[in-house]
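Take a look at the structure set out below.
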Amino acid sequence: MSVVSPSIVEHTDRGPLGRDEMARVLAGDIPPGAYVNLGIGQPTTVADHLPPESGVILHTENGMLGMGPAATGGAIDPDLINAGKFPVTELPGASYFHHADSFAMMRGGHLDLCVLGAYQVSASGDLANWHTGEPDAIPAVGGAMDLAVGAKQVFVMMSLFTRTGEPKLVKECTYPLTALRCVDRIYTDVATFEITGNQVVVRETWGISFSELCSRVDVPLEVGERHVH
Amino acid sequence: MTLLCTSADEAVSGIADGSTVLVGGFGTAGMPFDLIDALIRQGARNLTVVSNNAGNADTGLAALLAAGQVSKIVCSFPRQTDSWVFDELYRGGKIELEVAPQGNLAERMRAAGAGIGGFYTRTGVGTLLAEGKETREIDGRTYVLELPIAADVALISAHTADTLGNLVYRKTARNFAPVMATAAATTVVQVRHVVEPGALDPEAVVTPGIYVDRIVRVPS
Amino acid sequence: MTLLCTSADEAVSGIADGSTVLVGGFGTAGMPFDLIDALIRQGARNLTVVSNNAGNADTGLAALLAAGQVSKIVCSFPRQTDSWVFDELYRGGKIELEVAPQGNLAERMRAAGAGIGGFYTRTGVGTLLAEGKETREIDGRTYVLELPIAADVALISAHTADTLGNLVYRKTARNFAPVMATAAATTVVQVRHVVEPGALDPEAVVTPGIYVDRIVRVPS
Amino acid sequence: MSVVSPSIVEHTDRGPLGRDEMARVLAGDIPPGAYVNLGIGQPTTVADHLPPESGVILHTENGMLGMGPAATGGAIDPDLINAGKFPVTELPGASYFHHADSFAMMRGGHLDLCVLGAYQVSASGDLANWHTGEPDAIPAVGGAMDLAVGAKQVFVMMSLFTRTGEPKLVKECTYPLTALRCVDRIYTDVATFEITGNQVVVRETWGISFSELCSRVDVPLEVGERHVH
């Protein structure tokens, strides 16, 4: 016999997650030994929370597997940078390859996971993270579209609300899309979400209750179920 | 995660009947003999094999064919002076043959590994091997549409692996192996040497460990 | 036949107005600064440049843009904190921009080098960057048709060349260079070291000399 | 002022070329420093007539540039073979690459020249060299179709007549085709031909005169012109 119980965890005794805490929460969900690409900007900080014993191997699209931590001081080498163009280091077991091979790896579905920032994610997992759509914006896509369609799982990391309080989890993206139905999970400062089929399931909240969250996001939210034996 | 197996039998375990299996090697150079012998012992049947040739003499791929485990072979060059096992099966109607230009064989596996849904090539235009295939003019030249070859399993050999699955090869024994490693859901490699991470030059790794699922060291 | 040039000026000689020029580098890693400076002195105009970025700060590709020699740039990521030269030209309507996903940029150059007339990719499906492009269902998934990017000239940098033009690179400075070398009618390489044939490990050569037309050694 | 004179050379004072002589004639037409693929079988023998100082670099489609002469004795290495699966050697400056890279090199138009055998060549340069078309034949194409469309120039090397005296240079191939309009030159035991546009130009004959050649081949043959200053 099994009992079905809600699987949500609500942390209402504290405030929202800080950026570093978000990175730690996400890092904790990365399976040991996974091949992972961390997008430029905030996702890069996830690396700081992956202990060496996790065996997670980082890919950088500019041609490397086995990327190590940021390089500092005398270890800085202009020939060894990450996708954000910051100096990094090389771990034992690293390999280098050219850009077509690097993106073949990505587009061919070999990366277990990528972590990307976002302007918006839709309830069906559409991602908008490359272009504000403003008329005078200079568009720049980099590898975002390739990562979004190529990685086996796409985790998004973002604040849930804009500075003016608009939710970034939306029914339909209003920003130009990066890829359709590609996002699997969303890690935000106030909640983590799982997109399964057409459901958006809330897994955990911080500084906000599930019911308050529902009232602030214009997308139907569900609570997952857990079978307890 | 790459698994270091203790035997070739462990390395090929779980290959299901009806699987599509990529078999490395150009003739006998780079052929994964130990893995094939293990696959014969393992006994999976009704296999589709993709390999450049259809076996030489009585060992390796030829032995797998002789064991009756292969229902179809996709290759570029079945007919050789020592392909008697294949020849007899083929003439007896006991094996299906798809001949593909060698470059298409390689590029179609690369496409599968690289997320390419199809590509246009000039190879084969106007020949029997393009019959029934879509053609298209691009910039005044005619091209044929070729589709990816993805597989359940790749059986390949390499010279040295580190325990993360990074591979280097030796001379022309490299041939199809790096491409096959990218095109299969599970890539199984027999190697002569296994070393610790850091022992291979990162600039010289040919197959990054991300493509490798199982490794077994075999006596050379 | 690979020509060993005595200066960067000799290496870039003959580049015509209106040429399509592939410029290696990801940001400044692997950027062929000396060749670009020589191209500025050489003065070819109305160039179409294909490069991952649109120049950083005031040197390298940014200096070529500032010199007014580039009428169009094809890249994946023009907007950077230090892309002020490009930004001003773009906002002033003085340069045409084609933004392509980074993987398409690489794969389209590979296609040009590999004789592929076009390929289907899932990247960009349903986005602005696939607007007006042909799409197609293959095995239940939607793909976009992308066409090759071939060029007149590639300007790249490498770590070491032998006198036959075989190249090895260093760390992530490799990036686009090996692909660009295959996609251009004339490939020009600046290197830190030149060695005799036989000095490079044949297993570790990344760009075989067949793709290299001119080499110039520059102080590192 | 220039005088136009026929450019044919007729060697009627001797018999047809032997196989080794054919290989030498062809080798003499390979430009110094060219990147060349020699097909399996008879074309392989051309290598014996390329002196090291020619700088010609041989490609073998199973993944190597800089292939050296056949290996013998203790130099035989089962990991180092040519496309015909015979043991070969490695020259200084060689490089190894995998099959997709090897065929990209070929198909992308980077080889200056390939030399192939043939069952038939048509007057417009169609090539038939992979399949006899007989119902019980086992088809085997190898890299022939890739080489024929990919190399910048395609030289064919064959005897001009079958054992039963039928010419292999034909109006239209009756054997299954390898590629359309791909052959640039044909080197045979009795004559060398150049296919330019829709003309077949005879450059040299051995043991046969131009006029006798014309009578034995059912294809209009031309004599080239040479401008003498």
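Should a chain be cited, it is by its letter among A, B, C and D, assigned in written order, with residues numbered from 1 in that chain.
The rule we apply is simple: a residue touches a chain if its C-beta (ideal position, glycine included) is under 8 Å from a C-beta of that chain, and two chains touch if they have at least 3 such contacts.
Predicted model, so just to flag it, every value in this text is computed and none were measured.
Think of each touching pair as a link: the shortest run of links from chain A to chain C has 1 of them.
By count of C-beta pairs in contact, B-D exceeds the other of the chain pairs B-D and C-D.
When every chain is reduced to the mean of its CA atoms, the largest separation from chain A belongs to D. If you average the Cα atoms of chain A and of chain D, the two centres end up 56 Å apart.
Each chain gets one centre point, the mean of its Cα atoms, and the points for chain B and chain C are 33 Å apart. The mean-CA centres of chain C and chain D are about 35 angstrom from one another, to the nearest whole unit.
With touch defined as above, residues shared between interfaces to two or more other chains in chain B number as follows: 107, 110, 114-116, 121-123, 169-171, 202-203, 206. Counting partners per residue, chain A has 90, 96-97, 103-104, 106-107, 149-150 as the residues that reach two or more other chains. For chain C in complex with chain D, the residues that touch the partner chain are 1, 110, 112-116, 162-164, 166, 182, 196-198, 200, 202-203, 205, 208-211.
Put simply, chain B touches chain D in their complex at residues 26-30, 52, 76-80, 87, 90-91, 97, 99-107, 109-110, 121-129, 169-179, 206.
Of all residues in chain B, those touching chain C in their complex are 107, 111, 114-123, 136, 138-139, 141, 143, 147, 168-171, 201-204, 206. Within the complex formed with chain B, the chain A residues making contact are 32-33, 35, 55, 57, 59, 65-66, 90-97, 103-111, 149-150.
Only residues 60-64, 77-82, 85, 90, 96-100, 102-104, 106-107, 131, 136, 138-146, 149-150, 176-180 of chain A touch chain C when the two sit together in their complex.
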